[in-house]
Amino acid sequence: FASGKTESKPLNFALSGNPDTLDPQGTSGTLTFQVDKSIYDTLTEPNEKGVIVPALAESWDVSKNSLVWTFHLRKGVKFHNGDPLTSADVKATFERIVDKKTGSPNKKAFDVIKSIETPDDLTVVFTLGKPYAPFLASISSGWGAILPKSLIDTGHDFASEPVGTGPYKMTEWVRDSKIVLTKNNDYWMKGYPKINQIIMNIIPESSVQIQGLLSGQLDIVYMVSKDNVPLLQKSPDITLTKNLTSLIMVMAINCSRPPFNNVKVRQALNYAIDKQKVLDTAYSGGKVIGTFMDYGNAYYKDFTSLYPYNPEKAKQLLKEAGVGKDTVIKMYLPQNYPPHVKAGEMYQDMLSKVGLNVKIQMVDWSTWISDVYRGSKFDLTVIGHTGKLDPNGTLSGYGKGKYVQWYNDEAASLIEKAAETMGYKKRKAIYDKVLGIMAEQVPFVYVGSSYRTSGIRKNVTGFRMTPNLDTFDFRWTEFK
Amino acid sequence: MKLFLFILKRFFRLVLTILIISTIIFFVIRVIPGDPALVVAGIDASNAEIQAIRVKLGTDVPVAVQYVRWMKKLVRFDFGTSLISNQPVMTLIKQRFPLTFSLALLGIFLGILIAIPLGVLSAVHRWSLWDYFGMVYSQLGMAIPSFWLGIILLLLFSVKFPIFPLFGSGSIKNLFLPAIALGFARAAVILRLTRASMVDELSKEYIITARAKGLTEKMIHYKHALKNALIPVVTVTGIQFGYMLGGAIIIEQVFSLPGLGRLFLFAIYQRDFPLIQGGVVFIAVIFSFTNFLVDMFYSFLNPKIRIS
Amino acid sequence: MELTIKDLDVSFIQGDREAHALRGINLTVGKGEIHSLVGESGSGKTVTSTCIMGLLPSPPVRINKGEIFLDDINLLSLSEEDQRKIRGMKIAMVFQEPAKYLNPTLKIGVQITESLILHLGMSKTAAEEKALDILTTVGLGGGKRILHSYPHELSGGMKQRAMIAIAISCNPLFLIADEPTTALDVTLQEQILELIMDLRNKLSMGTLFISHDLRVVHDISDRISVIYAGKIVENSSKTELFAHPMHPYSRLLLKSIPDAEKRGTRLVTIPGKVPDAENIPPGCAFHPRCPFAEDICKIEEPEMKEYQEGHSAACHFCGTGKIQ
Amino acid sequence: MNKGTIQNLFFKAAVLFVILLGVTALAAPLIAPYNPTAQDISIRFTAPGLHHLLGTDNFGRDLFSRIIFGTKAALIVGIVSTSIAVFLGMIIGLWAGLGSPLTDSVLMLLMDSLLSFPTILLAITVVSFFGYGLVQVMIAIGVIFSPVFARIVRAEALIIKTESFVEASRSLGTPVLKRIFIHIIPNLLAKVIVQGTITFALAIVIEASLSYLGLGTQPPTPSWGLMLKDAKDYLIQAPWMAVYPGLALAFTVFSFNIIGDVLSEKLNPRVLK
Amino acid sequence: MRDILELRNVTKSFAGHGILPSKRTVYKAVNNVSFTIQKDTIFGLVGESGCGKTTLARSILLLDPPTEGEILYNNIPLTGLSRKKLLPYRMKMQIVFQDPHSALNPKMSIYKSMREGLVNRHYPKARIKERIEELLELVGITPSHMHRFPHEFSGGQKQRIVIARALSMEPELLVLDEPVSNLDVSIQAQIINLLLDLKGKISLTYLFISHDLNLVSYLCDRIGVMSRGRVVELADTEDIMSNPVHPYTLKLFSSSPGKMGTDTGRKGHPVNPPEGYSFSETRNTGKDTFSLVSFKNSHMVGCYEK
């Protein structure tokens, strides 16, 4: 390989699963967005640090009352099918996502749009029904991917044949095997992307991914479990990069069921768990958090000192609450997420050490969603919430029940108020309050935000992750 | 005419099987917890959005209506469209079948290739070195989890000695290791049955006749005894082959193969109703067909058994 | 070929039980001779023949002593492979219970042709032609139906004839026929007997013929041996034996033959029953049932003695005139 | 040494091993050196050695103790599920093989349907109808494996029913059920026993898959199947996590197989011992 | 005297082989057979090998029900009775199979095989063992061998065990399919004597199938001659012996081997069929014109209508 032209060599990438669909509007699956990120562009996008920067829109203005958003599109952008990008495409895209027939799971984020106008080919004007701070974040998220109007009109099957303006075109998709992305030569960032072809190999078995990376059959493995790190460290050909994810790992508590309707018991749980240990063992390490916000988020506030690891304190609280071995507590674990299962086993052990009788029950993902999450039929459960670009995405709905059945009017109204408030400082002040209430009332045991370790062959540079969206960005990637 | 009637009868039975199975499966998957709309929606969607997704998927109407819709399609050999990937179920199955079929065929072939001679040798030389070898092999075959064997095979033949690809699909080379991993475990089972059955047959008097004719031991074992011994072996092999045609989930996972097993597995996890239904009906057809072949084979193996 | 059995002694071992099935068999079948072995049911005829074929399963069988020679080949000391080459080719056997000794899942045709193909190197079609021929000679002329039948589709007699066809297919030099005609009607019996004599004439095939039907034995044999409880008690030419049986057992045997003339009368039987192979009485094994037995018979086992040229018997009182 | 004594030796060793397993299962708390569920993260992935005979797992739990405690579940699941499968399979197989062609068709259709029902789906169904638990998993596994037995039994019954000793028994006036018990079953038992020992092993492994779906033993309760499954992620750095439970399973299955083999040979009076 | 058994137009056909039913041909092993057996007599059935005797016997006992025709036992039609209703008749009719080996369960000791019928008859439990010993003794098998398995016995021994088992049922009708073919003459005589003795003591009817014409003529009251699935001659023993009519019977009787010096003079001479009939099918009318017609009183002969 050494003598050949590096550009013609494809980049072999390991993807852990097959995306269900590649339609960016019809799903909430992370895998879809991870692939679509290279095929589609959004009007604006978060950069590596989470700051929103121009993408298809070169610039944008917001009216004083925060209701009118005007975006100025980049010139000369072309879709993969040759259509030039115009404001009509943008309008059609956002109309599609709020259309009931699309059945988008994130429709509500765009429901605030009252109307979309296209004064000229390169200008789009959104008028909102009410002030809505998270709007820019919504537009920058995967759901905001811009689709060509001509194909929307003909009912094109975006689920299996995505067509966007992104740096790569999808040229082949063998489901459950590989997705081949080929360079879009007309991409609007001149000189990018660098690599001609990216093969996303769908490899569910992590040890195969690791071996592939070690033997050079794979160039990038984006999710390396902590247990495999020492192995990769030994190899001189591999660099390991560690990023903090925007995940909020929790053990959720059903606050309406006894004994957890007693806040003391919930606090006891928080004392009983050695969070750093769980992060290090079950997850790939991470930062402990003390409230319901991911560690890297601009709105994060530190409450970790509130409930340090203190089993004695936990025992004492439990004694006060009168909870002992005779209370059987059921912890439901989603079977398809091994890290959560492992964490669950650790929680079980830690809780039994403070005298709680916790029984583990595994369930499959569908059952988890419908029974545990939507049906709130659980005592304890373990899950990770993906952080959102905007805190409203993370917090909306809490205080009014949600799956943890936590009711707190003050928190609920503050969250609603914050969504309509503009300006970082003002919002931060409100959210600090909300996070404070949540930290104290503990509808969850907050564990932390985990790291993600990626393994990259030394001859590959410029691979970027967008942590807030948990997506990959290949635009700068190249072979040395 | 008789042949036609016979085929017609078989076909009728197949249709009946499909009808029964599709009805059972239809209601079962709607009674168990889990809702495809929730899977599509993820955990952040609101109730209104979920309802919209249900409308889109067609799961908002009463179950009876859904049932009639599905049956109407089924009689036209239309299995519907996957709720999750929006692809026709038939297309999805068709894409996966060649790989799964070749894998199953190769796997069962390897399994038989190992098991039958070893089983015969074990039976002939009971409690001898061959037999111990056979025993140890079959214990390993049954106790070694296939993921373990798979990964070891990959480490050996794709990493240490890179003869076979580590992942990917499309060429026959990709099938070799998984077929070995599959065949290894199957062979263990077939071997045990072959041995037991052969021991039984070898104790019968017609073997003495065969010896009296001066036939070689090989002929006696393979031509005379084995044919008689094969019935339980064929039964179990047939069932295993059927299972393999429905996909081998763990093997597909370890070897990153896009087979039917993973397709159906995710369909179940995601409650992709049409795909589950289609998958189950598909497997039912496969089982009806392999068991039909097995039944035919019975009457070849033992002429006293007649298919009515 | 000449077959000589010398002092063959065989037991069945089942745990701590030992059934003494053969207690020193001495027998010679000359070249081209048809030698009949008659005797009571359970006296060891089948065991003798199976032993000649080298097909007694061991365990449970133990060959205590003895030798079997086919011309000058010591059959018992041959290697398994050499025995195999002799079996079917030089020496063949018709088994007594065809239903049990035919492979239930192979067509009769296959069962006949396989040894033709193996031993004579015939092609499949040639072998099938030959098989049809052989079947016709044993009276199964029914065209290809028999060739393509499975054993369970044939009647008892048909199976028996198929068994004979298998045995004679390779023109063996020595034939052991264990009750080959029991299930056959008289016409066929005649045909089979003629066939055996034919083969004897053509190939000078020696035959050890086992039958209960004394009429058949009378028709076919050159010589006859009478076996009782695992031991030969009388050996003579056919005419001699039927005319002047010496051993008391032989005499009683000949008297038991049923006949239309005897209609309405009770048939003559030998009182008592065959001794149990696990429990052979001491002395002469026949003494508990012998009308002439005296004290010596209970103690001393009589030797085979030649009383006339080619006629020997094992009885203390042979030639004494005591036995009438 | 002749074959008989070797066979006997093996048989005795196998029986002894199974008895040992039984004792281990009952007396696990007395034998096991450690608490099988107590985690100690600081000593995770300890290689087999003096303190931890068979090493520790990813939570620092003592593997030896876990294997000992897992014996009970393994034996119960193996024996009970196999018994259920044999029982169901026998009834259906005999009924199909001996009944009218119509019954045969209907029952085999049923079995084909059962075969086409994916295991995982069956597990989820069982859970949703009958709840979570070990009993349910054993029934589920029994049901899953019953078609194999049904088919084996049916195939053999089809042959045996044509034998004349069955006809003889009919003319002796033996009632159908009794005839089945004394003539048909003994003649097909050998094959059922062998398939039974195979199923025993598979049941233990399948239990692990079903545990992951919520049926059967739930963590942290030790179960051989689950231990094997957990070991998957650590094959390279802690191979002992897979090796020892695997060996425990292999030896158990081995013993049952030998017992099965010897029994089925003993059932056949013609097989020369 | 009463008829214990009546056969009316019994036909049994077999399908040929071939995996697909379409390839199977039909073979009539028993073809339109009718006759009666009177109570307390011995009916002999002779005929060439493969002519359908065993098949007929199995049909009579409904072990393999006839394809067509009726079987009446004591004037009660058995064909079409339910399994349960048939059971008592079954136990009154016993069969000794031609092939004794397959008639014994290889996995059962002969004691257990013998016990089966007795238990079914509700024979007093305490006496069962004794009775089995008695029966074995009767047929000349050492009773102490009763815990052995079938394969440990010689052919003749098995045959006797099967006879003993059939006798244990104390049947009214006993079908004996070549029951003594594997026995030496002395034991054969013993068994025959036993059968005759039993008949003298209790009411018993035998259907005796054999190739041994000497034995048949010694034993039987009436004889049926079968050929190619049909009964071709049916007469009292004396009649048929002195005056065989059908060409096949003639052939059969004249070829009896083993005259052993004494020719019993059984050679018959060709006889003409009754008026209007012929022994061979003269023209193919496509209709089955075969029937048994009276030759002289109860002497029936099978011929074709001209």
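Assorted remarks:
Which chain is which? They are A, B, C, D and E, in the order written, and residues in each are numbered from 1.
What we mean here is this: a residue touches a chain if its C-beta (ideal position, glycine included) is under 8 Å from a C-beta of that chain, and two chains touch if they have at least 3 such contacts.
Quantities reported herein were computed from a predicted structural model and do not represent experimental measurements.
Taking the definition of touch as given, a chain qualifies here only if it contacts chain A and chain B alike; those chains are D. Relative to the C-alpha centre of chain E, the farthest chain centre belongs to A.
Measuring from the averaged C-alpha position of chain B to that of chain C gives a distance of 54 Å. Between chain B and chain D, the centres computed from C-alpha atoms are 20 Å apart. In chain C, 97, 100, 150, 152-153 are the positions where the chain touches two or more neighbouring chains simultaneously. Counting partner chains per residue, chain B shows two or more touched chains at residues 32-34, 147, 151, 204, 302-304.
Shared contact sites, meaning residues of chain D that touch two or more other chains, fall at 120, 124, 127, 162, 235, 268, 270, 272. Interface residues of chain C, counted against chain B in their complex, comprise 50, 53, 55, 84-89, 92-93, 95, 97, 100-106, 114-115, 118-119, 150, 152-153, 163, 166-167. The residues of chain A lying in touch with chain B in their complex are 18, 20-21, 23, 26-29, 100-108, 157, 159-160, 174-178, 201-205, 207-208, 211-212, 214-215, 217, 336, 364-367, 369-371, 373-374, 383, 385, 393.
The touching residues of chain E, when paired with chain D in their complex, are 58, 61, 63-64, 83, 87-88, 90-91, 93-95, 97, 99, 102-109, 112-113, 116-117, 120-121, 149, 151, 162, 165, 169.
For chain D in complex with chain E, the residues that touch the partner chain are 163-165, 167-176, 182-183, 186-187, 267-270.
Residues 204-206, 208-217, 219, 223-224, 227-228, 301-304 of chain B touch chain C in their complex.
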